[in-house]
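Report on the following structure.
By letter and in written order, the chains are A, B, C and D; residue numbering begins at 1 in each of them.
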């Protein structure tokens, strides 16, 4: 019988030093705060984190970075209101940054998950972010070769999961989670609600269970924006 | 070149937004950047239905919520609380950027630091190497959306022209801008020329040219958006 | 006010000779029979059709091919029970075939819709279907370069559409329709049910309205399988 | 080589399917081809939960419906009516093949016309140029699914061996087959060698080799699926 349920600590226990970890969320929306805090407790370091932003305040992803656990960030926008954690590390040359346009980041994750090693895109052609990259003309336009992105783990957040790992999300908290679930060897999800198989209409499943490996139920997840507003820091 | 514009001359930020709103055809799908572009939505004429796309996964974005009704999981690309209209759809980031990069969004309105005569846009980086750079979805939007409108003040606060012969800041995209809406004029960018579509009240062509580094062409018939 | 409703004849009126037309469906499931019959009535010829199969019996896509309207088919499986229409034309050299693996066909359509001019895939590497194609090694594996596929029109079928063109589908009749909607300049959809904006939960929309241009309401669509079982032929 | 197998010797089609079913671990996600592979689902031991994927857009495919309950819009890749289990999910073709091509499906069971010593598979074309060729999803499945099982009769009806030194039919994929389940044996394909994992009752190694063009290796310890 398939049962993907884990408790928080067990779900992240095997994330090893040096692992590549995808972290869902667009700003605070969809950020898997409890999983990130469990990863802080767990102690893995020298991580490569792929996420659209770099966290806010001193909780969640910002706290992971602030504690020196992250060696490299692959993201589109490493600036957030209420957080100087990443910028400080960056200025001190304590963290590496690979800056990727947001759509290219999403597409690279989907490609990684879909078995596509590389694809061409017009995004960033002729700009500094294409320097050193292979380019090629199709028709009258120049395109940049971008590579599929896979990772060891994904940490994502959803609204509801069933026993088989089928997921549905909440509004714009969906953002990167579905493509991150596709791109990770081990996808770890925190869900506000857990239901039996059949509890989600099969027409409305956003992430089919084949992409999900571990489910942690967190009934009332902390909202990053509320934590930051309250000046919280973790731990 | 650094003579500043007289106070009170030209369009206000809200008037720039209104000028843009009036040029958006009924039925368009539009993505709005941060700053002046955000103001555009409220000036769409009531007889036009325009759908707003936000690249973080929503088509059919509505106005900001009433105070107290904000949902931290319903935000726009600037991470501000928004609402969803009846008929909205949520989707993931790869699907959202497929809309952008596949040419399915009609118009994107963005701020700019510089626009060149050839329509090159610089709006993501001052080029300083100390601070960590951040690009977000700007390069995807300018390369993928059918028509790019720029909304900005004509000059920076010290009077330096933003419409230039060649951008000195790092490019967001080359040859991507179709039209520029400033406090002094509406300008059309085409075939390596910048044409004046409309001058703000109290602004004449000579004044506009003095505040513009690139050469301007007068009396351009605008192309339709 | 956005209103994408058309009647059947008007919806297909501007499909011109020589157009490339995507036709949804996997076998009979999801085949837009009424739109295909409207296209037969309309008379366009010399069409390039992209569809997974080539129709069954003498209705729908098989009837369009049988009447000599299709110059070329791009598909993965041009054989269907109960139909020799395509095979006969093929043997008589009256129709051209571009055979594409099914997953590559789906991915080429998505790529076309997503602004990706080309991508690499392991599918077909080392086989006859990769002959003459560019290949490249990534890591220890060989991949084939495949091109994004765009078209003038898509004809698809759905269960429900709203005024803005948001679509939901029925079970495995979904198949190619969402990626075809993305890949066509003009997407024409026949829907069993039409509702006002707000009639579809925004979390459950499969094809957002931005990909849909014309909506034809066909309340009780013919089922290709039933027509074929009854020995029907069109017109 | 073309000596036919004695009637009644070896496993039946249903026993081949059972052999395969018994080797599929609990929790696997499996895609089944047409023919013998279709029979596998009904032999999964009741204490194992195996999820079936059909590439036309369904994960959690159930058994065929009762007569009269067929839904023409709920079919498998062979276009036959099926059902969906509780916990199933529908998705579109690109998402479905992302599962296949991205390595998310554990096992695919396919029929074959030929398998070579190196694990090359031929199962889509006889190579005749008159009839229109058809490939379907076979090339995607063999290139993308983690483990490929072949289910077939050991020889064709005229006694010609199907396990060959080199495929003469056009390939579906090169070096893709992990294991072969026939009426005479279970065979493991690894490192350019075909090893015998198990012989059917009444079949000895010499007999098996006589009906196999490729050289066989005896007493292979099977790798786990």
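As a working rule, contacts are C-beta pairs under 8 Å (C-beta built on N, C-alpha and C of every residue); 3 or more make two chains touch, one makes a residue touch a chain.
This is a predicted model, so every value here is computed, not measured.
**Q** Spelling it out: a chain qualifies if it touches chain B and also touches chain D; which chains qualify?
**A** Common neighbours, chain B/chain D: A, C.
**Q** Per the definition at the top, count C-beta pairs in contact and tell me whether C-D or A-D has more.
**A** Taking the two pairs in turn, the one with more contacts turns out to be C-D.
**Q** Could you tell me which chain lies farthest from chain B when each chain's centre is the average position of its Cα atoms?
**A** Of all the other chains, the one whose centre lies farthest from chain B is D.
**Q** What's the distance between the Cα centroids of chain A and chain B, rounded to whole Å?
**A** Centre separation, chain A to chain B: 29 Å.
**Q** Round to the nearest whole Å and give the separation of the Cα centres of chain A and chain D.
**A** Centre-to-centre distance between chain A and chain D: 36 Å.
**Q** Listing for chain A: what residues touch at least two other chains?
**A** 107, 110, 114-116, 121-122, 169-171, 203
**Q** For chain D, jot down the residues that touch at least 2 other chains.
**A** Chain D, residues with two or more chain partners: 84, 90-91, 94, 97-98, 100-101, 143-144.
**Q** Report the topology of the inter-chain touch graph, choosing from line, ring, star, complete and other.
**A** Graph shape here is other: it fits none of the named patterns.
**Q** Considering every pair of chains, which are in touch?
**A** A-B, A-C, A-D, B-C, C-D
**Q** Can you tell me which positions in chain D touch chain C when the two form their complex?
**A** My answer: residues 54-58, 71-75, 79, 84, 90-94, 96-98, 100-101, 125, 130-140, 143-144, 170-174.
**Q** Would you mind writing out the residues of chain A in touch with chain B in their complex?
**A** Residues 26-30, 52, 76-81, 86-87, 90-91, 97, 99-107, 109-110, 121-129, 169-179, 206, 223-226.
**Q** Contact residues on chain A for chain D in the complex?
**A** Within the complex, chain A contacts chain D at residues 1-2, 110, 112-116, 162-164, 166, 182, 196-198, 200, 202-203, 205, 208-211.
**Q** Spell out the residues on chain D that touch chain A in their complex, using ranges where they run on.
**A** Listed in rising order, the residues of chain D that touch chain A are 26-27, 29, 49, 51, 53, 59-60, 84-91, 94-95, 97-105, 143-144.
**Q** Taking the touch rule as given, give the residues of chain C at its contact with chain A in the complex, in rising order.
**A** 107, 111, 114-122, 138-139, 141, 143, 168-171, 201, 203-204
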